[in-house]
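Presented below are the structures under discussion, each in the form of structure tokens.
The two complexes that follow have subunit A in common; it is paired with subunit B in the first and with subunit C in the second.
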Partner chain A sequence: MAEPLHALTALGRPEPLDETIGALRLTERIDIALASLAVRKGREGDVAAAAAAAGIPLPDPARHAAGPTHAAFWVAPGMWFLEAPFATHEDIVARLRPVFGDAASITEQTDAWICLDLSAPDLVPLFERLCAVDLAAVPEGHATRTVIEHLGCYLIVHGRGAVRLLGPRSSAASLVHALQVAAASLG
Partner chain B sequence: MIIPHPLLGPRDAQEFVYLGDASLMNRPDGMTAGIEAFHDWLYQRDNPAGIHRELWYHEQGDRSWLVVTRNTLTHEILGAELARDVARAMGRTK
Partner chain C sequence: MTQTHRLAGGQIDRSRTLRFSFDGLPYLGHPGDTLASALLANGVRLMGRSFKYHRPRGPLSAGSEEPNALVELRGGARREPNTRATVVELFDGLEAASQNRWPSLRLDALAINDRLSSFFAAGFYYKTFMWPAAFWEKVYEPLIRHAAGLGSLSGAEDPDSYDKGFRHCDLLVIGAGPAGLMAALTAGRAGARVILADEDFRMGGRLNAETFAVGGMAGADWAAAAVAELGALPNVRLMTRTTVFGAFDDGIFGALERVSDHLPEPLPGRPRQTLWRIYARRAILAAGATERPIAFENNDRPGIMLAGSLRAYANRWGVAAGSRVAIFTNNADGLRSAIDLQAAGVEVAAVIDARPDAPPDAPPLPGIRHLRGAEVIDSAGRLGLRAVTLRHANGRTEVLRVDALGVSGGWNPNVNITSHHGSRPVWDPAIAAFVPGAGGPRGLVAAGAAAGALSTHGALAGGQAAALAVLGDLGLGARAEALPEAEDAPVSIVPKWHVGDGRGRAWIDQQNDVTVKDVVLAHQENFTSAEHLKRYTTLGMATDQGKTGNVIGLAVMAELTGRTIAETGTTVYRPPYTPVALGALAGRSRGPEFKPVRRTPSHVWAAEQGAVFVEVGMWLRTQWVPRPGETHWRESVDREVLATRRSVGICDVTTLGKIDIQGTDAGAFLDRIYCNTFSTLPIGKCRYGLMLREDGMVFDDGTTARMGEHEFVMTTTTANAVTVFRHLEYCRQVLWPEMDVQIISTTEAWAQFSVAGPNARRLLARIVDQDISDAAFPYMAAGEVTIGGLRARLFRISFSGEEGYEIAVPARYGDALIRRLMAEGRDFDAVVYGTEALGVMRVEKGHVAGNEINGQSSALNMGLGRMVSRKKDAIGVVLSQREGMVDPGGYRLVGVRPVDPAGRLVAGSHLLEQGAAAVIANDLGWLTSKVFSPHLGSDIALAYLRGGEGRIGQRLRAVNLLARPATETLVEITSPHFLDPEGERLRG
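The block that comes next holds the complex of A and B.
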């Protein structure tokens, strides 16, 4: 009998990355389910009402907000990404669809991204080297799409020393390499 | 240049892709407007020295289309609106 199949992470490893480079701790998160939610034409009110009833936050542009089960961040006009614990929401789309019915289009995103948590006493010098986002100037809860090493990534600021990055899964190794090089250059 | 995104605030112009004259939004109906009108829409551009309305795409951001009003002599940005809002203000549905 063959070995049973095992899921691999975005980096092709059996276990998620957990690495310390100087002051930076880089942690790959595989315990987060992701879905995108896009409002269908003219259904803004229905989506807002359904989200409010289900306790799902739908924050303003460039913002992240956390609710009891789901967290969400804005990605485009009328569109958000929703985060939920993978252990309970592996089937995140099937669970969201009854909430929003035909008022929104919901797309599975979990395996399209590598999710990385970065922590350090101060991440500002690192991101000064990586992207155009001025981490020192943006408020906590800021969420934006930006480009790191030619890769379109979502960047969520949980504090000056805590940032979550979502990068395209197919380029996960390149993104991690860019982070490792930038972190190592800080000495 | 810094483009004042109506939703996201000031953003570096490097995050954007430039398309051209905002009149590109007003494509005539190729089946009914006649070939001259369609030809003019496709090929004829004013090239003003001064105020110019143009389409920019926030490719490295939220991927929205903007109508940016810019002075081509000074590169001063006079304003930016979502192209969607501009189209709706002209009575369009999308």
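The block that comes next holds the complex of A and C.
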């Protein structure tokens, strides 16, 4: 067997981005495996039972929830994105398939996204320059899809000062640039 | 120069002095000044030349309605034309210049236009510059534009940045005068999320410009206290220097915040302006009212301004616009100006009150001549007012030497934003003005002067009532607190629009130089509707949108037609309320940041190799990779093609759309999506598929692999990746919701490379852990493999016509994979080929791409008619069999070669019989794609040709009608498969 292949981040670098701009800390997360989980027709009960047994949360619409190993957020009717530690769950589909069997369609999404954690004492001034989400009003655990500089992104609110963004991987540089410029403009 | 016209008082900071210049001369002012107030304080009232007649002009107003005092602000790349001096906040070092004059403001050569005014009346251009027609664009228009201009742009790139943003609130209050402040206080105290926005840098609106008391204190002090209270409320956001310029859909308002316009230049990193989208559950328009003048002959001289503005300069800025002034009014408010100016120490020569029966003492004018039933009929003074001529009630005329005249024809509520969704304002005879009509933007109500309540008490009460209604709507309880005490004088107005018989030149729209006479002419020529009047005379079409002139123009037209103003109606206001710079609308989307860029997983590596990139949609793809010594792109492309066909070539195909399709009905779903069958595809195999639109034309193509019983991976073209995904979602959710199908895009999740050529398998065998021999992994096989244990996917497919594979790994490993492939490929002289070489190879092979899948072509046209299965139904199959679509003489895909191998082909050339004239009736088809084939050593092309199959072997002409003169090449029609028609190379 040949040597393993090395990995680059979505920004084309060997190491993940970790940058501070004014009050904002911007951290790229490459240690999270992602998969989509979609309920097959009529299998809602099976999926719910399997998830409960495995400790995988399947939150309500517009919500994110964390379990012991997996976290999940709702993306569409009968569909969630599941997060798990990359180190142990790199082949996340292989790990989830035994849990859900043929009750759900599972697709690897890890590298389709750049995953960014943003933190600051108050992220509202930044996000009101980025997207239409009313960060000041949404509760903790809010998860939604929004558009930032033309890019469709998932936004997960872990508090007024902590937000996770998933943006399209191929446009990672454009997205990060937009965040950097907006953060810098806050002075 | 000293500030000769400065009075005591005002809301300026006299402890600091600011230096600025106008037309190169230095002046002094104070923080709190506008450019106009500071210039007036320095005795400068000539600030510009008019648009058409180049007449000397000074400020008419003290606010954003200003039509005259337009200047070029700042220098260099930041020079901004048509800036209203009345709203420019003075800063140290400000530079401004007058515009539309030559050689100087005082001596303007084009003032000759004023002498020739009878030639420049409304409709002049339309009637005059008719002949010869060809002269319009080249001669007349440039001449007219040169003469009739506003300011000029610097021509340099804008050095500043502009932000965009989104804000949310329960209640947006537009305008921070008495009504807006009261509304914001009421809602803010009740706990609602409130945004209070005002275009001014100092909140308070007219309270800053008036002397009367509110709640027992000076109005401006009450306003300052209210602003302080609001500022301390965490649920209230104050936005000064912010103009709400439009109402858009569903409670979204556009607002422009001038973040840095009051500074010499933006602070580092900060934007110049921010365009906010404000999402408001409710909104209150408290935009106040704008005073309008009365038109009389020569009413546009510097020194003649709105009466309310004259007192605003005195009260707010401590500036006397003249040393001896008169007031010309038709309503009680004009009298206030006389009183305030007198109190400020300015000599008031007379109040010329057009009302014959003006009440004697409301308000009292001690020691001021109050001439009831009189009117101003003319003025004098070359570069500024020296005297006015008035006519007393008894007909006697008198010349009054004054250097400033305040004119008040009444106040127009600023209804503009209520009209943005098409609602027309309605006429209120009690105040002789338009007030908001029904059916304005949902959730928006007007309050205070904007709703026609023109007293201070009316404004406070209206603002409070509107806010209480909003709070009730939103379920937030609140009680009406006692209103602060304020004046509640009645509007005593006798409408007076213009003086005289319309023969002299009495200005209505000062920015566009429209006079009463022009309205008379419009009437004479039957342009009598409000909309025609506007377009014929250009009334209200300047950047001020006719804020001071429109109603007068309509009133004059009403008089002429014998209709009421209500019957005459008004044009509808559109956004923006005041001008918005294009830079602000663009925000950060300009230059290289106009749109996001998509990079492939091999981008870093390709950039290291010096690849030339091409934009494909938002993707940057490698177009070719030049090697040292190659000076022409064709050398690189030919080498890449030949090397691939000779040995092995690698191409990043990550950009192709990849859609994961799962579910127990996935196969049946694909049968309906593709015109050919997929439910029978064995697991571990892939198949080329063709997707039709409902009308039977080809929509997209690509290969789809079956990875499991209920699991497929579809590929689409790069261009249609999103469109196809959207189509699948529509089919799944809307057309066939009963099917068990789940889809998700995985385009970005996998880095995918095409590896093609006779040595492709040998190269891959060095990398892939599994046996991929022809027996183990035959043509059109698909499956999961590993590379050093890493999960990967392998598909044996080819677009180039060579034995080919596509190999995919999770995107983060794409860089490593391309490096591994190139390292291992060294023994095979492996090359990377770009999109150009890909194009050459697919044309050589006769594969269709975007040029052939042009939205007007069927599978039959493409020579793929047999793919349309009749054993099942699929989208587009029925309509693909329409009579016109199956015409045997219709277009078919063919190959085209020049008879002389050195002959040149041009894509888009039309095919004609030899000897046939190049006219549409003889047209047989056209060349869709053309490349140079290094394999064949000549140009080759694909073409759509009528009855194409039957014409193979014929000689036709390929005529390029776009060349001058037209060029043509004798060509031979061939099979579209120039290379390996039997596909032996594919199978290895």
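Here is the rule we use: the second predicted complex is superposed on the first by the 182 of 187 C-alpha atoms of A that agree within 3 Å, B and C clash if a C-alpha of one lies under 4 Å from a C-alpha of the other, contacts with A are read in each partner's own complex, and residues count from 1 in each chain.
Just so it is clear, contacts are C-beta pairs under 8 Å (C-beta built on N, C-alpha and C of every residue); 3 or more make two chains touch, one makes a residue touch a chain.
Not measured: the values here are computed from a predicted model.
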Practice task
Would you check which partner chain A:62 touches, where first means subunit B only, second means subunit C only, and both and neither mean what they say?
Solution key: first
Problem - Which superposed partner A:147 touches (first subunit B, second subunit C, both, neither) - result: first
Exercise for the section: Examine A:108 and indicate which partner it touches, taking first as subunit B and second as subunit C; both and neither are also allowed. Expected result: second
Exercise for the section: Go through the superposed model and pick first if A:132 touches only subunit B, second if only subunit C, both, or neither. Expected result: both
Practice task
Scan A:184 for contacts with subunit B and subunit C and give back first, second, both or neither.
Solution key: second
Problem - Partner, of subunit C and subunit B, that touches more residues belonging to subunit A - result: C
Handout entry: Contacts of A:7 with subunit B and subunit C, given as first, second, both or neither
Key = second
Practice task
Enumerate the residues of subunit A that count as touching subunit B in its complex and touching subunit C in the other.
Solution key: 41, 132
Completion exercise
Given the complex, residues on subunit C that touch subunit A span 161, 163-168, 193, 267, 269-271, 274, 277, 279, 588-589, 593, 595-601, 603-604, 618-619, 654, 660, 662-665, 710-711, 739-740, 742, 744-751, 766-767, 769, 786-791, 809-817, 820
Exercise for the section: Going by the contact rule at the top, pick out the subunit A residues touching subunit B in the complex. Expected result: 41, 61-62, 75-77, 132, 144-147, 152
Completion exercise
Interface with subunit A, subunit B side, in the complex: residues 7-9, 12, 14-15, 60-64, 82, 84, 94
Handout entry: Contact set on subunit A toward subunit C in their complex
Key = 1-10, 12, 30, 36, 38-42, 79, 91, 102, 105, 107-113, 128-134, 136-137, 149-151, 168-175, 177-178, 181-182, 184-185, 187
